[in-house]
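A, B, C and D are the chain letters, set down in written order, and residue numbers restart from 1 in every chain.
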Amino acid sequence: MPATKATCNKCIFDGNLLQTKIHNIGATLVGVDKFGNKYYEKLHDTQYGRHRWVEYAEKGRYNASQVPPEWHGWLHHITDSTGDELLEKNAKAYIVDHKENFSGEGEELIYHSKGHALNPGQRDWTRYQPWEPKKEEAS
Amino acid sequence: MLLPAARLAARRLLGLASSSSSAASESAAAAVARRLSPSPISYYAAAGCSSSRLFSTALNYHLDSPENNPNMKWEFTEANMKKVNEILSHYPSNYKQSGIIPMLDLAQQQHGGWVPVAAMDAIAKIVGVAPIRVYEVATFYTMFNRTKVGKYHLLVCGTTPCMIRGSREIEDALLEHLGVKRNEVTSDGLFSVGEMECMGCCVNAPMIAVADYSKGAEGYSYNYYEDLTPKRVVEIVEMLRRGETPPRGTQNPERKNCGPAGGNTTLHSEPKPPPCRDLDAC
Amino acid sequence: MAFFARALRHSSPYLRSRAPPAGAAVAPADPEAPPPREPVGGARVELPSNPEDALEVFVDGHAVRIPKGFTVLQACEVAGVDIPRFCYHSRLSIAGNCRMCLVEVEKSPKPVASCAMPALPGMKIKTNTPIAKKAREGVMEFLLMNHPLDCPICDQGGECDLQDQSMAFGADRGRFTEMKRSVVDKNLGPLVKTVMTRCIQCTRCVRFATEVAGVQDLGMLGRGSGEEIGTYVEKLMTSELSGNVIDICPVGALTSKPFAFKARNWELKGTETIDVTDAVGSNIRVDSRGPEVMRIVPRLNEDINEEWISDKTRFCYDGLKRQRLNDPMIRGTDGRFKAVTWRDALAVVAEVLHQVKPEEITGVAGKLSDAESMMALKDFVNKMGSDKVLCEGNGPNPPADLRCNYLMNTSIAGLEKADVFLLVGTQPRVEAAMVNARIRKTVRATQAKVAYIGPPTDFNYDHEHLGTGPQTLVEIAEGRHPFCSTLQSAKNPVIIAGSGLFEREDQDALFSTIETVAKKFNVVRPDWNGLNVLLLHAAQAAALDLGLVANPTESIKSAKFLYLMGADDVDLGKVSDDAFVVYQGHHGDKAVYRANVILPSSAFSEKEGTYENTEGCTQWTIPAVPTVGDARDDWKIIRALSEVAGAQLPYDSLSGVRDRISMVAPNLVHVDEREPCTISSEVKPPAKQQVSSTPFKTVVENFYMTDAITRASKIMAQCSATLLKK
Amino acid sequence: MAAPLRRSLPTLGRALLSPSPAPARMLSAAASDALVEIKPGEIGMVSGIPDEHLQRKVVIYSPARTASQQGSGKVGRWKINFVSTQKWENPLMGWTSTGDPYANVGEASLTFDSAESAKAFAEKHGWDYVVRKRHTPLLKPKSYAENFKWRGPPKAEQA
């Protein structure tokens, strides 16, 4: 399939994945989130501050917004609790599923405000109700 | 460790709660319960009773029922109509509304102890005011019953002197004997128990008043029974049930009217005037 | 230079007055006695002519002169001190039950309830002493004891007297630890929402219902802390003034049901304008949020509506948002309307206009038309060569020659001086609710007698139903009727004729009979003019002033080109089938179904217009919101059409139209003034007609739905469904 | 409720607050000791306000007391209504848009103590103004005793 081929091409060309794979050697796999992103940590033999990283599940169109909020804190050294621990600690029923940022991925994926022409349920803000001539034909 | 006074108060409160839980509407009970512990307000509590003690026998608004609705036909009997005219003759003809209270009383006697909304409408028509003006009067005075009461409406005094002398026990005995809650009518329609404020018989406390509606407006009586004990009050109820007339006033055989029990202990002779009035001593 | 300009721009007059005014003697008065203040709200006081009937009291050290019979509270108002209050309302009787208005009076052992205490000569009243403040704080604590703390979800929040006054006198915490009282809400109908737990038992609503509205349904039930306002039995408040209880309620117990949770009052922009749903011209404030009218509230005008308005006035506003015409439309050959541009629509109208004969052109102004548009319509139709311009509701031959023949000459406020009313063919309760409120006020205050000739109808005061037809009137004129003796002994008799009489065949004879009655019983005197006509529609008086008086029956029947300017109640059955009908208006109401071209115009809340009310007082509407869609002001449309039709009208601005009006009817440019007519009606020739025996008809069948706006309103539809159901 | 505040101001402040026609006199060209003589409309012309806003029609009025409120603190002031209805619903967010810079000026930010100062302000900007009449309440004697007054013997007895 051309799409698969393209992604394969990309990961080879930008070398990012390759570099990450090399980096992974000797690192601990701390956890895997529900999207399949793998989180690594290497405490020794690496520059402090660069000792936590993620290997995206998405090999082609990866971006930072694919990291769910529970892992974000760990990844950015905000907390030492891993995403799995955080999920266990405050599992809230009202938390919605994480969605990555789809900007630039196509109009249909982007949020449009209520009155926007591309919002499927586009809202008419008119605050009066006009008289419809058609009704008269019916009556 | 509670102080004795606090313990007493707590017991009183519990007693109040139990007496009211056996009282007429759930609202009273709910209200007391509400006071004891801030529990979620039930609909009845919200609807029924805003003060913690329910004096009036009914809500402040009317709910239609087969025996009490505005479409019912109600008028004074011929004999009572004469009384109505007599009442009206006391007032100038453009101030007929002054007669609302005596007429409500008359209507209550005629209708077996309570005033249906149709009777209030009839009175409004007679005195020529809007019905709401009569409703206002009838809801204000707790002596007007707006729901059904027994033929003998037993009113237990609940004011301080009687309460100290055991009016709660009197009421409990009555309610237990009749098997009703407060403001509820017995199944045979003969009795109901209500609470009343001080009726001025503190000297012979505790006391109850019995409003006898069994004989209509003509044979209406309103008697006090004083110096009661839980046992005696049950006897009185039984006498009333048999159609007898218990001796009114004090039930203490040793007492005469409101004199001291067992005869006078003082004032045996002509009292001595106070020294300042003793002119001879000057 | 730029700095100089900016400096000038920022120097508001307020800042400038910091410097002592040139030439004016700045006399810093005695620092001990501050200068007297203006009475609260600029209140006027009529001091009696006899100085002995006035007395002097001292409020916080100021001496004020007041007439005898004023209360302490009123004396304070005259002195410019606003006393807090809940139960006292200046237009209701005094109850004296809220105790909020306590003040200290020298030599009085206790604080005095100022609303109920008559002011006595030399009284020394102190309104902001520690005693008064403490007393009010105590009252406030009791009031707040059982008041729920639900201001954030209360519709009154932000315009609540209790909220305001608790800011001044409320404690920051309560000492009441029991459960708060709660009360069952009452159902008062589709207009008034109740949250009775918030009620503080001021009884203003009870007094309003009893005294002003005349429906004795509300009362105070129960006693002590169980006391509540209610109807006892399930009953709706069937009054045409019931909406006013929303205003007089000092808390959020009675609020507007249609407005509930729609907006907070601080979001609203108030525009002071007038009402056009009847001929009274009640003063209102239209509260809008952005481009939307959110509610209508009354505004003080002692001469017209005091501080009340009818339910129709208050709740018709949702009609302004429904069924609106927003594009010019032309009916195609298939009978369907198509939206077109203004240019096309006007071109089509102008083309047809040139194809018909001049005398076949008829213009009809609707009942909501303003004077400017009626002037433009008349000028335009006249310019096209026709004189058939009329206003609906004015009948075949209205008495338009003299203003006193169609106005309320006594004036609405003047009705209070009357002692006998004779209502001929008019049901003021549905025709003009505010006039009816005045009559009721008079009847209550002075036991004035009311006699009525017309079909059986509802009155909310004592009245004598003399008869149903004109025969009774003739009997009175001939002195055969028993009511004559009452009229004879009356000091200030008033005759009110309904404008429904205009529609009758025998109207000339009727009016001359009424004049005979007036002459016979001295109704019109130099010092008293008791001969009145009660008009029905907002446009009527101005239309008669401007001379829109063509005969509707023949002009409409003969018309080949019919221009309906918001006229929905003309008899469309009479319009000939080949007539070309232009409907210019703001609502898709009755007449659009016959129209060939629709021109959208703006409603009264969206335009500047001049209206004359039934007593001859000229008032302006001020636009509150933008108009909808592509609609335009009425007079502008006609002005544009005149240009397309080649008969250009000589004015192109509102002031231009008003200049033109001032030539035809100068009274219409004197705004906010009532111009009484001076010419006596005696010059009228005697009528040749005979009075027919047809009984008078009811003119307003449904109080809640009388015009295009109210017919489009859902609230009004709900009202007529629930309240008029008998 | 504004009264105590008003009184606590120093004498100078009181003079400022007291409604007097002084501002009008100040602004009139005849004021002898004014530094600059301001002709009607001049302020508007030099201030850089676009021409179309200098020929506006405004209505000067004194807002009536809200019928549902007793408070009189805001009663008696004078406001300028710019008769601005150039508003529409923003189709994207539903907010109200306006094309009129004066749309929120009149009611919200301009307050005058007297009709004269409002007039002077309008004059110096060159606005065409109309002053609306202020409606004030009329106090009439009232008494609590009315409620219980003896209204005389019945009518039948009278006759």
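Convention: a residue touches a chain if its C-beta (ideal position, glycine included) is under 8 Å from a C-beta of that chain, and two chains touch if they have at least 3 such contacts.
Molecules present, by chain and UniProt name: A = NADH dehydrogenase [ubiquinone] 1 alpha subcomplex subunit 12; B = NADH dehydrogenase [ubiquinone] flavoprotein 2, mitochondrial; C = NADH dehydrogenase [ubiquinone] iron-sulfur protein 1, mitochondrial; D = NADH dehydrogenase [ubiquinone] iron-sulfur protein 4, mitochondrial.
Just so you know, these numbers come straight off a predicted model, no measurement behind them.
K.L.:
Between C-D and B-C, which chain pair is linked by the larger number of C-beta contacts?
P.N.:
C-D
K.L.:
Centre to centre, by mean C-alpha position, how many angstrom separate subunit C and subunit D?
P.N.:
22
K.L.:
Find the geometric centre of each of subunit B and subunit C from their Cα atoms only, then give the gap between the two centres in Å, rounded to an integer.
P.N.:
52
K.L.:
What's the distance between the Cα centroids of subunit A and subunit B, rounded to whole Å?
P.N.:
So the centre of subunit A lies 75 Å away from the centre of subunit B.
K.L.:
Roughly how far is subunit B from subunit D, going centre to centre by Cα mean, in whole Å?
P.N.:
62
K.L.:
For subunit C, write out the residues touching at least two other chains, lowest number first.
P.N.:
290-291
K.L.:
Which residues does subunit D have that touch at least 2 chains other than itself?
P.N.:
Within subunit D, the residues that touch at least two other chains are 89.
K.L.:
Between which chains is there touch?
P.N.:
After working through each pair, the chains in contact turn out to be A-C, A-D, B-C, B-D, C-D.
K.L.:
Which residues of subunit C touch subunit A once you look at their complex with the stated criterion?
P.N.:
Residue list for subunit C touching subunit A: 290-292, 320-327, 329, 335-337, 587-588, 592-593, 628-629.
K.L.:
What part of subunit D is in contact with subunit C in the complex they form?
P.N.:
Of all residues in subunit D, those touching subunit C are 1, 3-4, 7, 11-12, 14-16, 18-20, 22-27, 31-34, 36, 38, 43, 46-48, 59, 61, 63-73, 75-76, 81, 83, 85-89, 95-96, 107, 112-113, 117, 120-121, 130, 132-147.
K.L.:
For a test of understanding, state which residues of subunit D touch subunit B in their complex under the given definition.
P.N.:
151-157
K.L.:
For a test of understanding, state which residues of subunit A touch subunit D in their complex under the given definition.
P.N.:
Answer in residue numbers: 113-116, 123, 125-127.
K.L.:
For subunit A, which residues count as touching subunit C in their complex?
P.N.:
127-134, 136-137
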